[in-house]
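Two complexes follow with chain A in common, the first pairing it with chain B and the second with chain C.
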Partner chain A sequence: MVETAVKIDNVSFKYRNSDSFALRRISFEVAEGEFILLAGFSGSGKSTLLKCLNGLIPHFHAGSFGGNVEIFGKSTLESETTQLAKQVGFVFQNPENQISNLTVEREIAFPLENFGVPKNEIISRVDELIALLNLEEIKYKSPYSISGGEQQLTAIASALALNPPILVLDEVTAHLSPRSAVRILNLLNELNTKHKKTIIIAEHRLDRCLHFANKLAFLEKGQLKVFDDVRTVFQNKEFPENMLPKIPSLFLKLDKEIGLLDEKANELPLTVEELVATLK
Partner chain B sequence: MMIEFENVSFRYDPKTDYVLNDITFKINKAEFVAIVGKNGAGKTTLIKHFNGLLKPNEGIVRIDSLDITKEPISKMASIIGYSFQNPNHQLFAQNVKKELEFGPNNLKVEESTRDTTIQNLVDTFQINHLLERSPFELSGGERRLVSIASVLTMNQQVLVLDEPTYGQDYRQKKRLGSFLNKLTDEGITVVVVSHDMDFILDFIPRTIVLSGGKIVADGETSKVLSDQTLLQDADLISPLLLDLCKSLQQIDDSFTISINEQEVYENILALISKDRKISR
Partner chain C sequence: MSLKILEYFNYLEQKSPLHFVDPRGKTLFIIAITCLTIFLDHIIPMCIILVIMLPLIFLGRFTKRWLKSLLFLTPVILLVVILNALLLKVDYPTTKAIILGLRLIILSGFFGLFFQTVSPDDISQALIKFKFPYSFAWAISTAYRFIPTLAKETNIIIDAQKSRGLQIDRGNLFKRVRNMIPLLIPIFATAMRRSWQLAEAIESRGWNATKNRTYLYSLRLKWWDIIVILLSLGIFALFLYLVITNAPLPFWLAYNIPERFELKRLFLIAWTWIKNLFS
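Here is the complex of A and B:
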């Protein structure tokens, strides 16, 4: 049986100083090895929800928290954030929020040093990550004097350092070039399919990752409006038409005009290849 | 106002390679131009030369006839609006309203003019509900938007925006794109650095590609962004619609290529109805 990696049970949260709830009674479960996309308008609560997964909420953010989040069966309320860091690799929306070290290399080594990993292991792990994310040219630079995209790649590398079973990434491709973004999304897909990592990401480039996601959670004003299989979500009226990725959007428009879904395809195409196949 | 780079070279450190290597180009008054290129290509470095945040090691940067390498940064503030890639480098006021008022106050703009401009921005971007909030207690996208708006308050003749659309949902992108289009109609020169190809295709007529410290392409956006070798050079990826059209052309060689969504939709409709006629 597949284990439940993340269980979000009736979670609500209101930031101190705020007069409305950023999250309202959210519940859903993520099985180990699933790939979940989180979508929603700006301000809908995506980052707030993600911060509940590594214990930043409620441990560090002041506010009122209700409900419960469990990571592999243990409530975040009962776990220390340092312990959670081993289970949940986390990348902030703003990469500068998590850099602190003298060099990119040290930045990636930092979580490993924190957990007392032996020195030789640290060295090989850091080298591996630097190669994986193409950071050779900047490894001796200060994380404050590199470009925005390079900072984001550095933050991803340090989140992967401890090899955690769950990865939670908040808009990590925002500063990446399109090709580099696809490279990272494909890397996540590989970590998911080959290494059974559970992946939960807020991502604007839905076009480039919807085909490897199992499910999509759509948030609106702090509420979970839809949580379902990606294809089902795109056909759900609650999901805003304008937020639809290009290919499904084009197909649904064509389908509405001339009817394709039963005649040519039995499911909604998500990629160029799938769409072309239905038009052949 | 016109911006002119003449043989500009720059490096951060005499021990390292040039980030900008003998760059020459011209942007005319009221143009809307995108600058693209891979992570670390030097886009941010380039635009920091527009207002003297960085001074070239060699070459000249001119705004109209003014050689800005000889001007103090403070003087440039009244001419050029600049938005940093990371909003944290820009925001500091106690609340959003004060943040928006800071620029115009600093330039001694008359209060009533200031208030009209701000009200217009608040309405355009629908950020009324954020005015009393601290800029540090906003979502990532909200913070980005406020940092952009706080630059737009000053009505300068030239606007330089570093990655303005990241973290924005499609509604905000559309508002921003149309707003900037309107400004160029009024004679303002707008330069945007971006990895957001959809935004560029939708709104920005001219695109400059930076690679290896040089400008490798400069021209009409739709042409530049569908040139495969250039795409490779700039770490870009071909737009999904272009991939789709190419695949469809292999099925039926009369299929016309376009990267405009509506046109592609119509072309596919035509393809299908032709197909159906034949099969009947």
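Here is the complex of A and C:
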């Protein structure tokens, strides 16, 4: 039986010194091994929601927190963010602002050092991650001298150092070139499919990772508008038309004209290949 | 306004012999040499230190950067030397003024060399070895690490504000200081945001999860480090000896520029000559 990795139950949050709630009564569950896409316009509360998953909210950010977040059945209210690092790896939007060590190798070792892991184990774990993420060439380089994509890969490797079953990523491709973004998203797909990591990612460019995801959550003004399977979520009227990814949008337009969806219910194509196959 | 000078005092990842010296040895050396340089009051000993410094700068692969940093410092050094030579009311004011200039050159060289060859991680490790708490050591090394990043951001903010018509270098001193306000607010806000995000990132990766933190790398003294430490202690002992005994230096070390070459005198001669020329 698949275990529930994340359970968000009626979560609301208001930052201190803010007049309005950043999150309003949000509830959904994520099963172990799922790939969840979090979509929404700027200021919709995506980052705030993600910060609830590793306890940065309410432990690090002051404000009014209501509801409950459980990670594998344990409330984040009971564990500090530091302790949750073993359960939830977190990668932030700007890679430069999350790097704090002088070489890529040391950056990856940082969480292991924090937990007092013996030196020989640190070395083997770091080498393992460097091989997994193909970072051999930049192992001894300064994280400030490498590209944005490599910086973000370093940050992902560092978040994976403690081998957390859940990986949370907050718009990690926002500062990257299209090529680096694709590399990162492919890696996340590999982590999800091969290494069975539960991935929760806030992402603006839905087209690029739609076909990897199982479910999509759409937030608007701190409220969860839609949470459904990626193949059905776009048919929901609550999902804004101007946020529709290209292929589903094209398919839905075609459907309006020639009624494709009646015949191919729940077969919404997400990629060009799927669209071609469906039309055939 | 340029913060380019800061670039010459950054850590540079290289494999020079000085990069392999333990940061504790280098710290002791810089303390000892700074004490001696500030205390010494004669041109010849200062020149000897300068001559000793030059091969070290070459060994640390700092020559180009040091010369560039000197280009930035030259106006300041010249101003200090000329003003002191003209205004100081002591015996041999020109000698004293030149000593001040030499002191600036020597300290810029040694400190530049120190910062270029000691990485922020080394600073942090050295502090940990001196039994400072890890969070303190981390804060110091991170602050040091972020200097170039903040300098880069500051330059971007300056360019952005200039492109919107802010005139930083215009007006009197009071106006120039007032012109800095539109720069200080975004610089401060950016630094705050960056530090906040960094705090979130380290917290998310198990910051202070255990009291028994381990380290991938830790410092170990090698034979050459012992030599550097002994040498530094020797320099410091010499400094203490000179301070405590106030012993006069041998005459060949205590050279002063003769009175006939005093800058004030030469200046007055030149002034009289120019006056006569036009009268």
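Keep in mind that, in the parts below, the second predicted complex is superposed on the first by the 251 of 280 C-alpha atoms of A that agree within 3 Å, B and C clash if a C-alpha of one lies under 4 Å from a C-alpha of the other, contacts with A are read in each partner's own complex, and residues count from 1 in each chain.
Everything that follows uses one rule, which is that contacts are C-beta pairs under 8 Å (C-beta built on N, C-alpha and C of every residue); 3 or more make two chains touch, one makes a residue touch a chain.
A quick note: this is a predicted structure, and the numbers were derived from the prediction, not measured.
Contacts of A:146 after superposition on the shared chain: chain B is touched, whereas chain C is not. Contacts of A:119 after superposition: chain C is touched, whereas chain B is not reached.
When the shared chain is aligned, chain C comes close enough to touch A:56, but chain B does not. When the two structures are aligned on the shared chain, A:189 is found in touch with neither chain B nor chain C. Contacts of A:214 after superposition: neither chain B nor chain C is touched.
Look at A:94: by the touch rule set out above, it reaches both chain B and chain C. Once the two complexes are laid over each other on the shared chain, residue contacts for A:81 go to chain C alone; chain B is not touched. By the touch criterion stated above, A:105 is placed in contact with chain C alone, chain B being left untouched. Across the two superposed structures, the residue set of chain A contacted by chain B and also by chain C is 94, 96, 145. Within the complex, the chain A residues that touch chain B are 15, 17-18, 41-43, 46-48, 93-94, 96, 137-138, 145-150, 153, 170-171, 174-182, 204, 207, 242-243, 246-247, 250, 253-254, 257-258, 272-273, 275-276, 279-280. Listed in rising order, the residues of chain A touching chain C in the complex are 51, 54, 56, 60, 81-83, 85-86, 88-90, 92, 94, 96-102, 105-106, 109-119, 122-123, 126, 142, 144-145, 155, 158-159, 161-162.
Those residues of chain C whose C-beta lies close enough to touch chain A in the complex are 13, 119-121, 138, 142, 145, 148-149, 193-194, 197-210, 212-217.
Residue ranges of chain B in contact with chain A, taken from their complex: 12, 37-40, 44, 85-86, 88, 134, 137-142, 145, 163, 166-172, 195, 197, 234-237, 240-241, 243-244, 247-248, 251, 261, 264-265, 268-269, 271-273.
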